[in-house]
Amino acid sequence: MMAGRTFGSDNHAGVHPAVLAAITAANSGDAVAYGDDDLTRAAVARLSAVAGARSGYLVFNGTGANMLALSLLLRPYEAVICAESSHLNVDECGAPERVLGCKLLAVPAPDGKLTPDRIADRLSGWGDEHRVQPRVVQIAQATELGTCYSLAELQQLRDFSRAHGLLTYLDGARIANAAAHLGCSLADLAAHADVLSFGGTKNGALGVEAVLVMTEGLDAGAPYHRKQLMQLASKMRFLAAQVDALLEGDRWLTTARHANAMASRLGTALAGVAGVRLAYPVQSNGVFTEVSRRLAHRLVQEWSIQEWSHTADGERSVVRWMTAFDTTAEEVASVVAGVRRAAGQSAATAEPWQR
Amino acid sequence: MMAGRTFGSDNHAGVHPAVLAAITAANSGDAVAYGDDDLTRAAVARLSAVAGARSGYLVFNGTGANMLALSLLLRPYEAVICAESSHLNVDECGAPERVLGCKLLAVPAPDGKLTPDRIADRLSGWGDEHRVQPRVVQIAQATELGTCYSLAELQQLRDFSRAHGLLTYLDGARIANAAAHLGCSLADLAAHADVLSFGGTKNGALGVEAVLVMTEGLDAGAPYHRKQLMQLASKMRFLAAQVDALLEGDRWLTTARHANAMASRLGTALAGVAGVRLAYPVQSNGVFTEVSRRLAHRLVQEWSIQEWSHTADGERSVVRWMTAFDTTAEEVASVVAGVRRAAGQSAATAEPWQR
Amino acid sequence: MMAGRTFGSDNHAGVHPAVLAAITAANSGDAVAYGDDDLTRAAVARLSAVAGARSGYLVFNGTGANMLALSLLLRPYEAVICAESSHLNVDECGAPERVLGCKLLAVPAPDGKLTPDRIADRLSGWGDEHRVQPRVVQIAQATELGTCYSLAELQQLRDFSRAHGLLTYLDGARIANAAAHLGCSLADLAAHADVLSFGGTKNGALGVEAVLVMTEGLDAGAPYHRKQLMQLASKMRFLAAQVDALLEGDRWLTTARHANAMASRLGTALAGVAGVRLAYPVQSNGVFTEVSRRLAHRLVQEWSIQEWSHTADGERSVVRWMTAFDTTAEEVASVVAGVRRAAGQSAATAEPWQR
Amino acid sequence: MMAGRTFGSDNHAGVHPAVLAAITAANSGDAVAYGDDDLTRAAVARLSAVAGARSGYLVFNGTGANMLALSLLLRPYEAVICAESSHLNVDECGAPERVLGCKLLAVPAPDGKLTPDRIADRLSGWGDEHRVQPRVVQIAQATELGTCYSLAELQQLRDFSRAHGLLTYLDGARIANAAAHLGCSLADLAAHADVLSFGGTKNGALGVEAVLVMTEGLDAGAPYHRKQLMQLASKMRFLAAQVDALLEGDRWLTTARHANAMASRLGTALAGVAGVRLAYPVQSNGVFTEVSRRLAHRLVQEWSIQEWSHTADGERSVVRWMTAFDTTAEEVASVVAGVRRAAGQSAATAEPWQR
């Protein structure tokens, strides 16, 4: 593997030892395939209970979770309102369009968060047969920019959506980080969705996500959709074991809290480096910093991080730093020192906001 | 898990200890996500070398492998010729139709195997804009009925297909069992395909399959197709580690040989039980036996096996027994004894072929 | 155009003068586009009233009608049971698979007609997530082989379908010919369907078909589906005018009766020619005759007809003769004389059934 | 029909008498269906020659033309760059997403026109498997906002696209109006595209559009795509006859010139009315005027025109006026007088730009 911490993605981390232990423990004797086994039934029931969900479906990855969830909510002529910067819109290689055949109505959202007003802008065309019909509001919690909706904001969106006949899909690839940030339960978040995903992979699992259905009548076809969408694991018990290990002793929350704390520490430290400022508030395990393009180039090389976007004038970049369940304070200190060093060498002049 | 051997599916088995050990070993430090890591590059290169393939792509499961492979071969108006009994046609819940939008031209094949003549029956309509245009011949090796094509048969199909402008996709969910049965190499089989899949899950992996591209020009878009088709693993190294463990010391072949040997033993023994006869020759790790419906019912209950099909008169059933990498001779003996007992109690009269 | 009657297809015929007159009459002043005009509203209401339908949607052609109708009935994992020989299965170039993403469960039906038993064969797999779920029974009336279901047969299929939770789609590309043959009303036929199509093009229109919805709750999304499926005509009034002209004085029935009568006359005469026999009873405007391949070849050349299929031994062919609203008795006499001449020269030996 | 001129859409107009005469003339005797007839061959050859195209395909409507054209250009993971305001993006009810499964990368374009810079903004993500791969630049000529690209602008876009490996699709639903405005030939415009559509319906036809292929190798599958996409007319000769009538004596250009002249006259006159100003330059047969919402409401009621958009502050609307091949100077004068009257009554205060 790699010599050290990369900060490039929470997917660069490995598997939490407890998750690996659970996989190993599950490897005993035969179990009926495709989820018709006791371990799967128990893990799904346990997760559903924690979320207050009617039913749950384990899948392989985040794209699979997004596609399965939306399949439960959409007819062919219905559309999804989402943030322009959302993973769904940017980083699924057009899976929603190809696999679901649905149009995304992307909304500019500077901080990655939808608001009733931003949604309202996309609601024209109701009843016009020439227009797709908005049906689902997709909310990522945490967002792709590391920000979180407050519970009050979620409630406001939910009220607005219901008042306009819209369903809510909560993309929870990092829902654990959001719960940790808000100090709330999974059920507190799930209550604002019709369907949500629960992400394990970015939070210490080897690879498992769950689709959870909150609202009656939406899950009738879920098993068939999952199979068609290539998300039905043969040896399901090994996905279930991962979920189980994450739920055990609220490990999903503990690991996320740790990752968030490391991000917070990193963000605070980086914000104090000359030539670096935070692009968004740190509300999960992602830190987005705005730096000169020259510095960005150097940091990307050194830390395997991603250059996320550019400022409109093209002179500065936003780079993303992700922490994980196993990031240490020493690693954070090390990267901060490295950035300080690089920034000192890169920055000849004061930054715009420092002038 | 379950108390004993089920014989219901090779997917009921767990993970080979060496595969689990490899996963554990891979869990050290960070690795770049989505396969851009050394372990993945090495495992894919190794597998490609063994198969003689130009490139390879790891995916989660068999449905994913089938869909990715066919995506590389088809335009929207082109069709796949396959056996009526094929997994692709029967057991993918219509994924080819939904995900690829393609029509399957299913061909009756009593033993699960296509022949040039059977394919030829589906080639009418060339150049007629009202008809889908046949483009791919899908061959499962081993077939869904446990039979194998000989190398000569594969060559004959390949020659025929090439002569008619058809590409070959070899569904290798159980290709290891076929190689073990024929005593040939992976490359020997792969050489007859334009694209093939290499199945790990049914052969001791936790969950991994590979799509291997043999023919130049077919893999240009493969990474995008894989992502869209929800088959791009975040922590890819743990899929790669499984492939690596299967390749190590030809473990993939050893495990398959063992499973085949157990199936052979089981088949021979069951064929000697009164009221039981083999429906197809045993050429991999599946044993298909024809029994009375009454006996079938009892066996299904007792051994978690599947009732596969019925005879045309509806009076007898074919039930399927699968062995796995970890099936033991004692378990085989135990099931044979159990069937003998059950058959003795079920069968009051002589079977049709014993009269 | 061509010099004479071709008998190759009812689509080879032109437009009924009354239909053309209605188009011309509709060309007066402006009319709101996309069907929001008085002429369209009136024609659709009139057709719906005749059929006893809740709502109706005009589309361009038969493929469009089939796709729109099925879009109203299917979820992505649901399948359509249809006859192997159906237009839907054979002659739509895979549109159901590409456009709807649905699997067709094709059933052998020697005379083109489904029966409860044939449907029942395709109902296994209920509740199994690996299998598509049968949802719609597609009945063509008249069938692609020129045969018609009796009202009693339709009722039997309807009862069976309802008892098994299946919806009925009646493909009525030649429903006028069926009504004419059975001496029943459009409503008599429509009553056996949840959704049906009403074909105009093969019955004297320039180009118009209608999708009619009989069952409550199925038409909610119809306008959006029609638009997405590229079937929303800009200048809809000219489609509506055609429907109007066909309904005027039951013209749709009169024209179909005439075409049927010509087919009946042709069938009777051809059956009397040595070396020719009817492959199916003549129950609409199609005549299918079995002849030697040598004779078939000659007839195809001479009359632009289609070679439909071959006998299993490959020695004889079925060729199709279609009559239209404007076929004359003289043209029938002429073709019969021609066939008699050709048959005399082609047939050296007695036919199998004459020996 | 309606009592008078609506100005709501060029689709509200009827059929040009010469087109109707051609349809009538084509209605003589039999013709082989699906376009295999002399009239179709001749009309398509004639249109292709005029455009300098390799091949052409007649379809029913604009949505069909757009879908067929893009089907020839895209693989499943490839995307289309288009203007946010384009018909393709706004008014196809998500057909590109459902039917093609492709993502549209919509670009803000205040005047409806793409520029190399605007396209360049959408080219990030090349080679990244998480992103759709830009492949086609869709240019509407004239645009949905009534503006036209100059030949120099087209050349600049073409050069830019070629330099970046992008194909060009020119949506020519109103290409006649563009040619008339620019004083150029169809071939002049077509030369800047790989594939284009030629719109007949908005220019006096009853209903016909053509897809024209300029670049070698792109039309191989066109007949199959057309059939699958429900755009293959049974009685094709009646589509061909319309094309023929439009080509006869350059009627397509004459009619478009007339419509443009009426729009120009209307635009000039409306721009002189207090409280009304042009939102975009009048460069085809559409006039977009910005007025107070109160006046907009009244005009929409009175003239069946469309309220197109609102100013950002929500206080003013843009309303669209369309002229057609048969709009008369008297009708223009009448509508101008009506607007003047309405504006006098609606406008109490000076407009923002008049203060």
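Order as written gives the chain letters A, B, C and D; numbering starts at 1 within each chain.
We take it that contacts are C-beta pairs under 8 Å (C-beta built on N, C-alpha and C of every residue); 3 or more make two chains touch, one makes a residue touch a chain.
Note that this is a predicted model, so its numbers are computed, not measured.
J.: Considering only mean CA positions as chain centres, point out the chain farthest from chain A.
T.: C
J.: Applying the document's contact definition, name the chain pair with more C-beta pairs in contact, A-D or A-B.
T.: Ranking A-D and A-B by C-beta contacts puts A-B first.
J.: How many angstrom lie between the CA centroids of chain A and chain B, rounded to a whole number?
T.: 35
J.: Taking each chain's centre as the mean of its CA atoms, how far is chain A from chain C in angstrom?
T.: Comparing mean C-alpha positions, chain C is 51 Å from chain A.
J.: How many angstrom lie between the CA centroids of chain A and chain D, rounded to a whole number?
T.: Between these chains, centre-to-centre, one finds 41 Å.
J.: Got the chain C residues that touch at least 2 other chains?
T.: In chain C, the residues touching two or more other chains are 34, 76-77, 92-94, 98-99, 101, 129-130, 132, 224, 227-228, 232.
J.: Spell out the part of chain B that touches chain D in their complex, as residue ranges.
T.: Touching chain D: residues 34, 71, 75-77, 101, 129-130, 132-133, 221, 223-228, 232 of chain B.
J.: In their shared complex, at which residues does chain B touch chain A?
T.: Answer in residue numbers: 1-6, 8-9, 11-15, 20, 23-24, 26-34, 37-39, 60-64, 67, 92-95, 98-99, 201-202, 206-207, 224, 227-235, 237-238, 304.
J.: For the complex, give me every residue of chain A touching chain D.
T.: Spelled out, the residues of chain A in touch with chain D are 76-77, 79, 90-94, 97-99, 101-104, 129-132.
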